[in-house]
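Chain naming follows the written order as A, B, C, D and E, and within any one chain the residues start at number 1.
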Amino acid sequence: GSTTTEQPGGSAAAPAGEGKLQALKDKGSITVAIAGEAPYSYEENGEPTGATIALAKKIFGDMGIKEVNTVLVDWNGLIPGLTANRSDAVSAGMSILPERCANADFSDPEIMYTTALMTQKGNPKGLSDLDSVKEKMDAGEDIKLAVLAGGIEAGYADSLGLEVQSVPDAQTGMDTVDNGRADAFAMTAISLNFMADENPDANVEVTEAFVQEIDGVPQIGAGATVFAQGDDELREAYNEGLAKITESEETYLAVVGEYGFTAENLPPKDLTTEELCEGTPAP
Amino acid sequence: MDEKFAALGEAMPRLLDGILVTVQLTVLGGLAAFALSVALGLAATHPSKAARIPARIVIEFFRGTSLVVQLFWLFYVLPLLGMDLHPLLVGVIGLGLNYGAYGAEVVRGSINSVSTGQWEATTALSMGAAQRMYRVIFPQAWALMIPSLNNLLIHLMKGTAIVSFITIADFTYHLDQLKRVTDTVFAYGVVGLLSYFVIALVLTFLMNTLERRAKRKLGQGITVKSILSPAPTVGSPAGGAI
Amino acid sequence: MIAVNTALEWHWDSTWEVLPTLLMAFLKVTLLVTVLSTLIAAVLGLFIAMAMRMAPRPVASTIKWIANFIRMTPIVVQLLFAYYAFLSLEGVTIGIIVFGIHYSTYMSEVYRAGIDSVPKGQWEATTALSMSSRRTWTAVVIPQALRATIPALGNYAVSMFKDTPFLLVIGVVELVNAGLIFGGNAFRYVEPLTLVGIIFLLASYPTSLLIGRLEKRLAFNT
Amino acid sequence: MPSTPDSATSPAAAGSAPSAPVIEFRDVEKSYGSNVVLHELNFSVAKGDRVTLIGPSGSGKTTILRLVMTLEEATDGYIFIDGEPLTHEERGGKRVARSKKDQKRIRQRIGMVFQQFNLFPNMSVLENIIEAPVHVLGQSKAEATARAKELLEKVGLADKAEQHPTSLSGGQQQRVAIARALALDPEILLLDEVTSALDPEIVGEVLGILRNIAETTNITMLIVTHEMQFARDVSNRVLMFDGGKIVEEAPPAVMFSDPKHQRTKDFLHAVLGGEEGTIGTH
Amino acid sequence: MPSTPDSATSPAAAGSAPSAPVIEFRDVEKSYGSNVVLHELNFSVAKGDRVTLIGPSGSGKTTILRLVMTLEEATDGYIFIDGEPLTHEERGGKRVARSKKDQKRIRQRIGMVFQQFNLFPNMSVLENIIEAPVHVLGQSKAEATARAKELLEKVGLADKAEQHPTSLSGGQQQRVAIARALALDPEILLLDEVTSALDPEIVGEVLGILRNIAETTNITMLIVTHEMQFARDVSNRVLMFDGGKIVEEAPPAVMFSDPKHQRTKDFLHAVLGGEEGTIGTH
């Protein structure tokens, strides 16, 4: 079961720190927090599914933790829930960012992110990336750009000085484009492509993915599972399992391929969480 | 339209679960808020400063900050201090604290608006402080406070719509799911708002009945029409707001 | 319990980083929505109160039930409904309109009570002086009714202010949402949310005190 | 339009020739729901009459004044002011309401002073008094102010013009209310227990002012009061009411020294503390 | 502890030997802020005395009763009940407050009837009366009820025991309030304008009851009233107050027929409508 109301009471998570891994193995189940974002981790017909869920099920399953329970929370509740011990890990493809590393521990990179724009079919305003949006805006064209409230693209737009509309969720972002309230919706390429595929009737298309540069620095994003600080044993065990999957394109796509992931999303072997945490990703 | 109702039928068990959660939160939160209202309200009218000042601080604190922030703290920060509560319990406590602080003002105002003559009569009859409150003042203040408490209860019921924020799958949460398979106007507009309205009307009816009983005990009449009327009382002892 | 310590530690650098963002969100959204919605609610509320008093019965009771419906259903659901039903409007605009309409139903009751609070003797005196109904309203009833209503209207404005975090359901980045987003990005929640709480208290408590004093002064002079 | 009725029941004011009554009640009935408050009431008041209405609580005295002031409407029957029907008239054998405009025109000749003063708290004393002259009669502000000052002088409050009514004592407020009613130069003045909300010691001031008005003007007065001494001093007729009917009618000298009806005797006994003979003649 | 003071100013009730005063005011001063309401007041009341306090509005009459009932505290000076200090006592040359417990014990000997009755609307008539006997004196419910019925009989309301106070007329409510005060068997009964909220015709009933109590019991009474007739009938001493001071003190027969002080003359003139000599002796 996955909805919170079915929880017996208190938190379902095991106590943090030493011995946690063993405790989870003994229990045979683990609780991961998700934010309900397709195609990473979400619920369909009340059942958790998605790419990171598939990863979690495979990796934890191989460790002997057969059951992966999910708790669906608001994006902003993922990390507080983890520190408050309301979950054992966060499986939502959260980006590894330097400021985050000080307050929680990421696994090794699981997903490489690129950005894309969703536009109406035929891309009437001829937009290709955020720089093109900026150019046209500066040229006085009336371009409305939607971003997810609190999303990483909101940060990009802010750095570029773009006027934006915030939307509460991805679905709404697509609706705004479909209805013409916005001309483009910036988000990760994976999410946009997945949504566009799921909704063939919607009057939307997705641009080629791009890597946004801010002040000349390419913003390479990589997502990972998050563990509470101190759960080193658990995280290392997870990383071991993850390494077996990210070993080759083949093993990687066997797990996440069905959720629209491609080779592009496979993290390069030499990219480490430490580097990303220091803010010096390899080009 | 048919397919929407089909979707509604399919979602019905979950929607009913959601309504049950919402009603649970409303009733339990309401009871918690009421208990707190009385405790804080009595403390706030107490002659001793040692009782009054802490009560005032608690009241002002919980009235002055937002329910969303309070829920966040209770849900995510309390566990760090070693208090690990079930989400539903967090919801009940959060609603209870926030609306209880407002309710305390209602209780305080109602107690203060029992006429000074009644207070003086208890002195003239040598009644003790507890006896005075329990047997004379509170029963009269009770009739005065019900309409305002009803307003607060409706507010509390409306406030429960935010609890999906702390992972509770309440009615609004399931409306969001329904929206995905039908559309917004149908899910929020027709199903959602109407259901909430019915819950609010039922609550109001119950509270009006309570008020009628209380007033009858005081020998005051109250019409059937006023029981059915959902209009709020303003210029309440709390000063009107909320 | 290492996590406990880091999560609850107070980081001054995070504090200084988030404070400007919060203040901007407070000024540009929270305050803007509160002020504009209060204006809408105050004007619309008066119209509703007048319509309920003067319109023919069926119209008046229709208005009354609509007002009750709006008043007794969650503003969160109303926001969601309006946000998705009127996709051409921006979140902040939706917020201002929904808050304005929702609270106008409360304010109409305040006006009604204010008008009712003008003693019957005052109305009778205007009849005894053969005053016109227009003059009765403008010179006697409204000036007296407003005295009784201003504090209550102020209290509703404060209460609206405290409801603005509900805007987060439609993605409007007001004060609380700005704090949460900062938390979500930096994984630090203690500083932003404490500051949010303090800003709320700083804004609402003095306002309430002011209204309380206004209330006393107006009551004394009547 | 009915013809001006003959003054049938009204003994005209002492010495004057019989003239059309200023107020006439003809078969007036008033009920609230099933509660009949006035029963087929007939009486009339001649110009310059000072009529006092006395009687136990609930006997309908206030209701009569309120009917004249059009604060209430009679359930049946007709009231005439200077021979003209007030709220209803008989037309083709039917009782029909008069237009608001007609009612308003007639109402302008009538002034009323209330037990609770009912001054407008949002206006100064002067503004209270000039309100109706300026906005109803259309007098200029200067003209109305000059007259208001005269009236304030008359009630002994010339120095209070700029004050707020709430800062005045009860007796002072009541005197302002009297000035306000007089500012419209009414032909008829209705006074409903104008002293019963006042402290006993202040009552005298207000009664003194009213006595003075009665002596120096020719305004027709209808007075409800529990002050038997005042009734005696000021009025030329006393009507004793009970249960919505006139029980007895007489000049005050007769009514107080030698009441005919048992109900009147009982009432006077209760009100005067068992000494109904003790109210002296001046 | 001060010694029991001699009854210095109190003319004891007719015929009885001089005894310790039941109430004594010694240099009592009361002010609200800078407004001094009672000035160094000295007087005492002997057992069985019926003292009427008269005087213009604001002269401090109510304040005196409220001080005795401990609804207010004196700003200076001492009040003794049966020789025992009430709210404050002198200890080591200093004025110190007595404990709440002591105050409560003394207060139990005093009953008060208010102008506005102040019956508890959440209780029936009977419950109002037995409330204090049961919950303060600890009587059994049966015992208290029996006594309450007796008292209701005495005030003529035996049939109203189960009714709600709000369903009674003002006069009936006041009679219940009297019964309620008597149910505690007070030694002292304080009555503050108990008839002034009543309709004039009903006043007599209530005064009759009080007269009866005065005649059939030995309760010490302190009465504030505007009913001079009643003061005359019931009391054996009248204290005339003005500006928080006793202006004149005399038996009623003397006070009403031959007041010495000009202030008293003026007051009686105003209250009695200029006929201060007209109150007859019974």
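Quick notes
We adopt the following convention: a contact is a pair of C-beta atoms (placed from the backbone, for glycine too) under 8 Å apart; a residue touches a chain by one contact, two chains touch by 3 or more.
A quick note: this is a predicted structure, and the numbers were derived from the prediction, not measured.
The chains that touch chain A as well as chain E are B. Counted as hops between touching chains, the shortest connection from chain C to chain E is 2. Within the contact network of the assembly, the step distance from chain B to chain D comes to 2.
Ranked by separation of Cα centres from chain C, the top chain is E. The chain pair sharing the most C-beta contacts is B-C. Annotation, chain D versus chain E: rotation angle of 180 degrees from the Cα superposition, expressed as a multiple of 5. The centroid of the Cα atoms in chain A and the matching centroid in chain C are 37 Å apart. Centre-to-centre separation between chain B and chain E, using Cα means, comes to 46 Å. If you average the Cα atoms of chain A and of chain B, the two centres end up 39 Å apart. The multi-chain contact residues of chain B, meaning those touching 2 or more other chains, are 72, 76-77, 80. Across the assembly, chain C contributes residues 3-4, 7, 84, 168-169, 180, 189 that each touch 2 or more other chains. Within chain D, not a single residue touches two or more of the remaining chains. Applying the touch definition to every pair of chains gives A-B, A-C, B-C, B-E, C-D, D-E.
Partner chain A is touched in their complex by these residues of chain C: 1-4, 6-7, 83-84, 87-88, 90-91, 168-173, 177, 180-181, 183-189.
Every residue of chain D that touches chain C in the complex is listed here, in rising order: 69-71, 104, 107-108, 110-112, 114, 116, 118-123, 131-132, 135-136, 164, 166, 180-181, 184. Interface of chain C with chain D (complex): residues 119, 121-122, 124-125, 127-132, 135, 139-140, 143-144, 147, 221-222. Touching chain E in their complex are the following residues of chain B: 115, 117-118, 120-121, 123-128, 131, 135-136, 139-140, 217-220. For chain E in complex with chain D, the residues that touch the partner chain are 56-57, 199-201, 203-204, 226-227, 229, 267, 270-271, 273-275, 278-280.
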